């Protein structure tokens, strides 16, 4: 029987990034989907040959422009582990604060894109308007909207005054209240339920079988959150990983919406618990060249990221490898796209919150 | 590598409910190869990991993660460029991306991938950019360039 | 009378950007920057577009895609390279898979610097692109 | 007049017998063309000698009587049916045919047959004239088309044993009996012709004699024989009730309660032959016959016998519960088959569903019975005969070129067979684009429905609104496929040159007919159909077609738009003026796109068949069930005389 | 006044009306999204630019078919206000819409074709309603033409509340508003890129836009039919309906075609069909 073939991507407005799928349709049901990526591969891992380990963090930040803070942090944490550098306490708390704010930023961005993909323009605009407020916080505290370059091996480059931190908490809580209304729309609007509820269902077993990570796994009821392991100061804050059980697109939206509130709470906790005062040490500079290897895991907005760093005592690292959450979630996406409707394809692709740039490096 | 034992171990990890966290390959370039700004420090040379490397080998590591206690289990092998590596996509469906990637970037032959993209994943400009030949060529070019730059700098300084 | 200055429709393509500039391009559409004030529409379709906004640099694989998209755009058309990578390859210029800035493939009319380029400068680039569009129209007319 | 009619009936029968003995292809071509021209000429002469248009009644020419002729023919047919049934181990057909024969013998042997009014054997009025012209002209064209079609048919499927002598013989026998049917006034005479057409259809459906087609042939035979049995039953009831067997007298006005049982049975006969639900299945099976058969028997003429009978009965049953229920059977059939048609991929079957739907509309009009609706019914007969006949022939031609009836394989037809596409477009336009008769007819029908009081009017309106929208969907799909273009190879370009001139002549003539009828819409309405409708219902003089000049202009533009455009576009050498959008991927040659894993592939596109929303089989079954229940109710109403 | 004058006026003024409406629509949408939005005359600037731009045609059929689309859309409106039989107008209206489907379908490309198929689905969904609506209006007023309805003493809207309600629902389809903007998208962030206009550029796209403006004007004329006792009231009602559509457009997600088809048929059958049934039973 004849089938319709839709060449989906590399240029496609649903996703700003080039993801390529050959969709084979009957009516509008996707009977097969052949994926490929590679349109954005730069060869970033090879940059260790050219860039000294002290500067490699700036390259790592540019793995992805959305979670650039986390990538920079991940790189620095890895090097700190190899070189046995203790990070000053206030710097550790600042990292947590920035990390959680960037999670809020990323989720808001994603919620907007998701809303746009299913044609809900108001939500798109409102999410992005709120996101601009987060970017203002970033710009004020780090100097950059997108690329912050505030992480150093052994600490952070800049301090944020206590007064400013208090103001940020106030601002975030206000944002949280405003977001509550938006979240209500996402969770309850019948037209959104029609598009998301029961679409792209990934059962908990499937999520484990395809090794899904982050909100993707948590929306299927799999409790996994790298922050739970308590590293980097997360053992000093209270939080429960957000999970949902439905495993459909709506559940993935809900998980991220609840994580926005959770992250705001974490920022407040961090500000309360961090040592106060001006002029505290922020950085312990490492000495010499690194030797050894390490695996570092962080919970990014999109899920668990894993860095492998191997150093051989020269200024250049021997190997730097980042396994990003999207890399781990693509098999789940391919699994879900098969058998869905053409109209669901954008939703399914977007609910894994793909970052092709991360994936291909 | 012992294929049977390897697959048995992977199967065990799969049964235990571990997740595949990473398949990583490192191109082992002998320390003698010129590296950018290569001034190995005394302390570092003793513990250098690269020393154990046989020439033209790859170090391949499969990393499995346990959700419950967040531990990482690793299987590490050294393989030559001609060796055939068994695919673990039979156990861990998500392995196909890693395996396609190491085939394309490192030139390793992985056998039995459940979704074989046949070298169409990245289609890089430099074919097999992390093969020993490619890495060495890059490093040598870099060293030559650095040397030339240093020489030029030295001559200009001398002139000044 | 020419309407090009009042209705520039853009096509955005992410060549091999890190997402930073892409997101800033999208941010231009949203309430804070609202480029629709100038009649800008993000079309997503080369056949409707007047301005090709490219972020990221040219690599082995997307070189054909960039050419195809440009060819499918009806005349007159301009190319705006957004961000350091699109201008020159940026931080990745020396990576093995990067061939360089967009001008390796297409005649670029406007270069927008920045890593990531700020929305303000992107809007500025688009407005400069409109000028180039007008000139091209006059030349062809 | 009477000798002309006898000639029209007898001449094709003679030619049919003659063709049985002709095995030379060339000789057969000559005979078929000449005989066809004579038949067509005779039908035109018949129409021309019709005079002032008042109904004429006449008997056989001097010296001829029916005698026991009818009974002899019936016995022969029954013997034949018994023979093939035993040969193929079928049970139902013999039972039905024996039942029918038993009624005939009972009437004959018990001496119950009333005296025949020898001067009123035949009835010729404007409806007969329309039918005679359709049979004579369209029938001839289809016979000529078959000469080319059958040659290619056997070339393209060498496994099928050629039985072309029998095929052409049957076509002519069919023409003769069809002429007889539409001019008969004496019911037993009509029944004989009725049964001959059934047999012809049976034999032509089973032409290939495969297990499958024989099954479908028997389906058709059983259902039509059931109708024949009902027809016989009606005659029996009429005779027992001392009623007349004269159709014209029977239907001169609203029937008395005593007449209704017999009329109900006649309606049943009409419904079976018109393939209305629950009897629609046989017409779908009939699509396995060679395409000219479908054009001639299963769209243009034979199935029209059913609605012809119902239109004849219309003045008698209008206003009764029987009439209303028959009308609803027709309208619901129209609704359901149009819905099923949305899900069908086989082009011939889509055409079949469309045919059943159009017939359903006519049945609806006949059952409700008003001058406007009868006008609509006859208009649809004319347009449908021309347009659908053309479409079947075109599909046949395409089928022989590409070996497929699948709508999906018709894509880029305009590039591959430009002229055939233009002809197809004329046919499709004839069936559904606004100006042509069918839509004009629908429009008038809606106007008439507005006048029907009570829930019936509302229901009919809703059925019409939905039913006619459904048709847009499947015609739209077909149009998209036919009109799409791509670059063609030299070989593909040469395919059109190998179509025989017989096929060209027939198709172009039919297309010209479709256009002519459109242009002379007003004249046909004023001169033929309108007066007929008024005569039938003894209505006051009125104009049925409220066409204003602006509407006429719109119609003509719309009529010619697509075919002319297609012909113009096909003259362009370069169909691929620029690449289409493929998400940035390379496109070559107008339809080849780069694929994800490298390599390229020609784009394939599949129409929507509303999977998941409309379940064709389920709808068909539901329609059949509902209409069967309605039919039983209608028969019951008839039996109790309501 | 002579109906022909109305017809000519419609052909001339409907694009102005439709364009302004589109301009207001874009500003209103922007305000709902807390943006400023484009100038009021933006749709005209866009149209002007499209006409000045090069047109890339994929095959020779597309342009004539699109001209047919605009032409028949204008003719529909002209015939409507020019006093031609309303039910006939309904058929021409469907024909005009069909030409757009054909123009996109003949391109034979994945995105255009899928857009065309969806548009066909949308046509299938909306068409029964328009036939039913115009038939019901004719029934209520015993008139057959636009002028006839306007001069009828019977007030239409009070007798056809269900049909009017269904109209506001179905108009979402014809105005290409979310949730029913499944075959084309002004925002481009959907799976079909630009749906059936994917392969149209320059003036070809301008034709589509023009036809859409005519379509808006036709819909406005339909609303006036409901308020046949006062044309200003009809225009006001259209403004209210349109405002509601804009609100709905911005605050709902795009439906899938299955839902479009099912819900529109259900609304047509229950609201409009029920209303018509009541009409026939009571009269």
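Side notes on the structure shown:
A, B, C, D and E label the chains in the order they appear, each numbered from 1.
Methods note: contacts are C-beta pairs under 8 Å (C-beta built on N, C-alpha and C of every residue); 3 or more make two chains touch, one makes a residue touch a chain.
All values derive from a computational prediction rather than experimental measurement.
Under the touch definition stated at the top, chain B and chain E share these contacting partners: A, C, D. Steps from chain B to chain D, minimised over paths through touching chains, total 1. For the pairs A-B and A-D, the larger set of C-beta contacts lies at A-B. If each chain is reduced to the centroid of its CA atoms, chain A and chain C end up 26 Å from each other. Centroids of chain C and chain E (each the mean of its C-alpha atoms) stand 35 Å apart. For chain D, residues touching at least two other chains, in rising order: 578-579, 581-585, 593, 596-597, 603, 605, 608, 610, 612. Across the assembly, chain B contributes residues 117, 120, 122-124, 126, 129, 138 that each touch 2 or more other chains.
Looking at chain E, one finds that residues 33-35, 56, 110-111, 113-114, 188-189, 193, 198-199 touch two or more other chains. Pairs of chains meeting the touch criterion: A-B, A-C, A-D, A-E, B-C, B-D, C-D, C-E, D-E.
Chain C contributes residues 59-61, 96-97, 99 to its touches with chain B in the complex.
By the touch rule above, chain C contacts chain D in their complex via residues 13, 45-47, 64-65, 68-69, 71-72. For chain A in complex with chain D, the touching residues are 1-5, 7-12, 20-22, 25-29, 34-36. Residues 4-8, 12-14, 25, 28, 115-122, 124-126, 129, 185, 189, 191-192, 194-195, 341-346 of chain A are the ones that touch chain E when the two sit in their complex.
Looking at the complex, you find that chain B touches chain C at residues 122-126, 129, 134, 138.
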